[in-house]
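Each chain gets a letter, A, B, C and D, in the order it is written, and its residues are counted from 1.
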Amino acid sequence: MAGNSFGQAFRITTAGESHGPGNLVIIDGVPPGIPLSVEELQVELDRRRPGQSKITTQRKEPDTPQFLSGMFEGHTTGTSLAILIPNKDQRSRDYSEIKDKYRPGHADYSFDAKYGRRDYRGGGRSSARETTVRVAAGVVASKILKLECNARVQGYVTQIGDIKAEIPDPATITRELVEQLPDGSQNIVRCPDHIAAEKMVNLIDDLRMECNSIGGIAEIVATGVPAGLGEPVFDKIKADLAKALFSLPAVLGVEYGIGFGCATMTGSEHNDLFEPDTSNAPVIQKDVAGVKTTTNRHGGMLGGITTGMPIVLRAAVKPTSSLPIEQKTVTRSGEETTISTKGRHDPCLLPRFVPMAEAMVAIVLADHWLRWKAQCGRISPDRG
Amino acid sequence: MAGNSFGQAFRITTAGESHGPGNLVIIDGVPPGIPLSVEELQVELDRRRPGQSKITTQRKEPDTPQFLSGMFEGHTTGTSLAILIPNKDQRSRDYSEIKDKYRPGHADYSFDAKYGRRDYRGGGRSSARETTVRVAAGVVASKILKLECNARVQGYVTQIGDIKAEIPDPATITRELVEQLPDGSQNIVRCPDHIAAEKMVNLIDDLRMECNSIGGIAEIVATGVPAGLGEPVFDKIKADLAKALFSLPAVLGVEYGIGFGCATMTGSEHNDLFEPDTSNAPVIQKDVAGVKTTTNRHGGMLGGITTGMPIVLRAAVKPTSSLPIEQKTVTRSGEETTISTKGRHDPCLLPRFVPMAEAMVAIVLADHWLRWKAQCGRISPDRG
Amino acid sequence: MAGNSFGQAFRITTAGESHGPGNLVIIDGVPPGIPLSVEELQVELDRRRPGQSKITTQRKEPDTPQFLSGMFEGHTTGTSLAILIPNKDQRSRDYSEIKDKYRPGHADYSFDAKYGRRDYRGGGRSSARETTVRVAAGVVASKILKLECNARVQGYVTQIGDIKAEIPDPATITRELVEQLPDGSQNIVRCPDHIAAEKMVNLIDDLRMECNSIGGIAEIVATGVPAGLGEPVFDKIKADLAKALFSLPAVLGVEYGIGFGCATMTGSEHNDLFEPDTSNAPVIQKDVAGVKTTTNRHGGMLGGITTGMPIVLRAAVKPTSSLPIEQKTVTRSGEETTISTKGRHDPCLLPRFVPMAEAMVAIVLADHWLRWKAQCGRISPDRG
Amino acid sequence: MAGNSFGQAFRITTAGESHGPGNLVIIDGVPPGIPLSVEELQVELDRRRPGQSKITTQRKEPDTPQFLSGMFEGHTTGTSLAILIPNKDQRSRDYSEIKDKYRPGHADYSFDAKYGRRDYRGGGRSSARETTVRVAAGVVASKILKLECNARVQGYVTQIGDIKAEIPDPATITRELVEQLPDGSQNIVRCPDHIAAEKMVNLIDDLRMECNSIGGIAEIVATGVPAGLGEPVFDKIKADLAKALFSLPAVLGVEYGIGFGCATMTGSEHNDLFEPDTSNAPVIQKDVAGVKTTTNRHGGMLGGITTGMPIVLRAAVKPTSSLPIEQKTVTRSGEETTISTKGRHDPCLLPRFVPMAEAMVAIVLADHWLRWKAQCGRISPDRG
């Protein structure tokens, strides 16, 4: 029942399947007058695109977006913004293997249990191709944040298997560090610690050759976010951000700031102490002084509301479930069998997870920015 | 903007503050004809109540609920169910200390930044007293789950500081193990590993005497939940459960199943293999065979939809931020100062967190159960 | 399922019954810092109150509101604003007459058909006492409109039975004309054409003495509403206003502008022609010139969006269904019987309908004003 | 802000413009397993299609729908159902006339006032081409009503200008009477009183030749709807139906049952008396006896909840505003000018309004049926 929409003031509604005509999103609540182009969408879609490197799936999808509504003369109109990303490489193949068998780690059985039927071709609606349009919507959200708040969101990989990156200060990680190695070549694993990045690539490549896969952790940082976004009680910004990340495929855990590390800390160790903010950062409510905290164990949020400190989140992403090795499973009628999931799969989901996670974080922040304007923004009709 | 409601088919909307007349909830979508009493609410409210043991805050609140709407002759009517829990022990005291100073770890500054003002008495709307009515709503949700699905939710503490409980099988933990020690006395820390429980109590008590506090981890398990609940894409059951838990105060991390442990696993290690389910568990869609998985690393959810396996979640809860020791902070006008938060505080939030977390999990599951009925339940007008 | 909330950015959620402890509303999204008092609520509640004149029901209810949340030092805080209006005059009486019989024109049967049960005391949740809290919420909405837009809403009665008022220009009707007669006495029927008003009072009084009741029409006008409120497609302002009025008890028809009169008009007769607006009225988007229309057959709305012209709506209200005369009906078990609804009833609903309708119109306009701010308001973090 | 969605359990979200690539709808909450074909959609789209007769606009649009998501092997899957209807006849023409001038009766000015900009080609998002996808969604809603309730919705024209149809019993009007004349030819005005129909066609044709247009009234009847649908308070079924109809272009008034006629009636004249229902109509709650009312002045709804009697609504539709005659208006910069709207327009909107209104009524009823199932449907996990 109505689970394909996300957000309140900036709301996305999606449709589409792995092997249908394509994926589409309707974005509601986009401010009018934002300059936007297919090319801007393409830049981020290319970061999510399959086949971008040797450590991603080799499915070939150009992921070329089309505006179906809401654009006029290169700017958003304020009405329903619709984007379609057609599927191209729906390879015709034999689905008899997965039609009646449940793939371990996939939604095959749970879809059957829920609906009594499923589109088994490539996972249907449960396919991660659905995230293409989230990335497209994330571009729109990011532009709102940039134009109205000068805020930005950056994600990167911090761990693959046992290999952990050293990230001294999340707020200093640049897009360039994430996308590019010192020699100018592509940083295909999207880890800004380039020594760890090389080890990660080797590990993933080894597992790929063993027909196996590996999990990892991504971190997402938002800087420049004004203090005061988020709602007390249910729509705490941490709660909406967590829902956003958990709504992505393969995410098994989310934490912010010190995260699970808080379990072993005392209050005196854990508290972030306030100090005056001399950086002249924007404060939305004029009569409130800017402050910052000496540490950032709360990851930029207190009481579910942003503090102006960098927002820092992490998501744990499981290893790809589709494996070309034989595994035990059952058929739709309940009989024991085995399955080996052929096809083109990512040996590690993390590099392509980064743009998806960035998009979802930007969508939440843009939504809460617009929500703040509605309730707390002081604006009168005669001064626009 | 409109962040005080949660859920779609089973929707709760709350109001209330620490030092106002009380807290209240309006529950929308409650099925008619459910037997319900103030006494049933009281049982769970007593588990959340302050002053229940030496390791909780000593604020005295009877937390006696009143039905304001939606009940008739001991049963729900199906219309708006409203519950008020009056505040009693709003001790008149001097608030000048916190009126103009920001307490570290609290929402004081973020509320000021958002609204330009705040009710500083006891944290106002950001106080955890708001969770009283969540617990009350959770009782209603639990009754729906019990009556319509025979499902149940159980929470408990698994870690306080460095002390970790041994929980061989989450699905076997009973309410009795959580609430009572072998000698019949109250298990005040709510850890079902009673050896760990004793150590936890001692640790908390030590820190209490040092005017300090400690964090920890709670686990919540739901059994008997039918396969098929949750929505593809945004309202994945894992996403709604995570939002529910993150919407509680002090939660810095949430994971399900193997959680963050998935980061170091390979796909072949991580996959849960399907096998026939001979236990005759309820399957909602009649023509789909019951299955189970040999392991439960996905914590009862695949593709964001329940599988019929036990749902297993964990939340990391930070140490109480209010400390009666002197800490650096700033005033509302931006000047450096110090603060020591007097008053009555929990040295560890975990024991009282358990019923709150159970309530939120029950609310999400009841909501998705009703949503499933709307879309996928086969029912015709003439057979009721 | 979840039908007790109304609005998006300014959202009200209500509970309460005729013979329960009282009625309550939680208002979400109220801007912080609005001065508000119980006395201001009382003024409007008194206009809705039973027993205010000889032509209304004689039930005695002081309708004294209490703030339960969201107020601090005389101003809204921005968090959940909760208001309770306790019931006082729940006369203990014999309900056996209506317990098992369906009152014609009431929701008795439809509630039974929906829920399988009902609170039969005074109609339970279907009682018009529920509208008390709408009136209270309307006060908050009106203050937002006044403070942020300088807009105001005025309702009045234009027809009772065959007696029609002459209203040359709806935009000029003042509160004083509606509430007071030239001699300073109370205008108990709330018709600003005072000659018609006298006839209306006589008609109602005659019917009251005959144990009968009479229908009528109310008109609601909003002036000063900025152009640009409302959403294309589903949330057209006319659609939300119509839903708001139809959600009130006893409303059988709603029209705006020329309304049903458009059916017999040609396009050249019906079109409102644009002309420059020299009145310097506020235009929200600065680079758009102010315009007005020579006529106002579209009642201040074009394409579902406000034009800056006065918004003019009318609602048809049925005669009170509760009659102390014997009428045919059936019992819950389907047997024929008769019923005569004793008790205290309004011989005409219109005088007390006026403040309810004003409240609902104000709520819709305030909601759309906040929604406009979210999407189209230009505001940057550093200028508040 | 987020005004392009409608419904809760059955929710439609739309996008598209007059001169963009097409219009699209995402339908959320569709029960799985419903057989559905492009051909079924086409039947209803053809009834709404421009160019269907001499009394409609001559724009040529095949309105051929495409499924983009949610269908598999001829049945709905239960996931997002997306339908695209491409635009074909976006005639390239000179828009300079309307680019900077406001067309009387259109949304040109109100869009500029709201957004500061607009897509002026054919009205952009305010074009009635947007209703194509509502009609498509209405087909899905109608199938749910037919399959799960055996209910059906029928609309027809009852008045054009001063010509009024005689409709002795709305519940007996068949699709055939509405679509076909006794001689088997097309009933192009969709009035089931065929004598009135002929006069209506002549009137419209005369006005078309005079470059003018005419208004009218349509009636929509739903039969077989189970008693018990709709929610007390805000989501009364009458309120949601009214919003649905008012959300359609050109609707200036909506009434149900006796409608505005109630204003001149006394309570004893107006009440519908209950009597036993011997027709064995479906009652959803088994222990409640079926009843009917002798008359149907409440149009099938009491207290905002259906009674099982036929639901009868009427909508007043204004004359087309686009006229090829010269009319006074102003430019975007506020200067006086004149405009004559060339192009292809309907001389009367009513014939094509009928399928739009039917679709919206079906969407509301299907939504409330699913909502009823969620809350009040008795269904247990083990009996599906």
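In this section, contacts are C-beta pairs under 8 Å (C-beta built on N, C-alpha and C of every residue); 3 or more make two chains touch, one makes a residue touch a chain.
All of these numbers come straight from a predicted model, not from anything done at the bench.
Taking A-D and B-D together, the chain pair joined by more C-beta contacts is A-D.
Averaging Cα atoms per chain gives one point for each, and the point farthest from that of chain B is the centre of D.
Chain A and chain D have centres, each the mean of its CA atoms, that are 39 Å apart. Chain A and chain B have Cα centroids separated by 26 Å. Separation between the centroids of chain B and chain D, computed from CA atoms only, is 44 Å. Multi-chain contact residues, meaning those touching two or more other chains, occur in chain A at positions 1-5, 8-9, 14, 29, 32, 78-80, 114-116, 125, 226, 232-233, 283-286, 370-371, 374-376.
Contact residues of chain D toward chain C in the complex are 1-6, 8-9, 14, 102, 104-107, 109-116, 125-126, 130, 159-162, 207, 212-217, 226-236, 238-244, 246-247, 249, 251-277, 283-291, 293-294, 298-299, 301-308, 316-323, 325, 327-336, 371-372, 374-376.
Across the complex, chain B is touched by residues 8-9, 29-32, 78-80, 148-150, 226, 232-233, 282-286, 370-371, 373-382, 384 of chain D.
For chain A in complex with chain D, the touching residues are 1-5, 7-9, 11, 13-17, 20-24, 26, 28-29, 32-33, 66-70, 72, 75, 77-82, 84, 114-119, 124-125, 370, 374.
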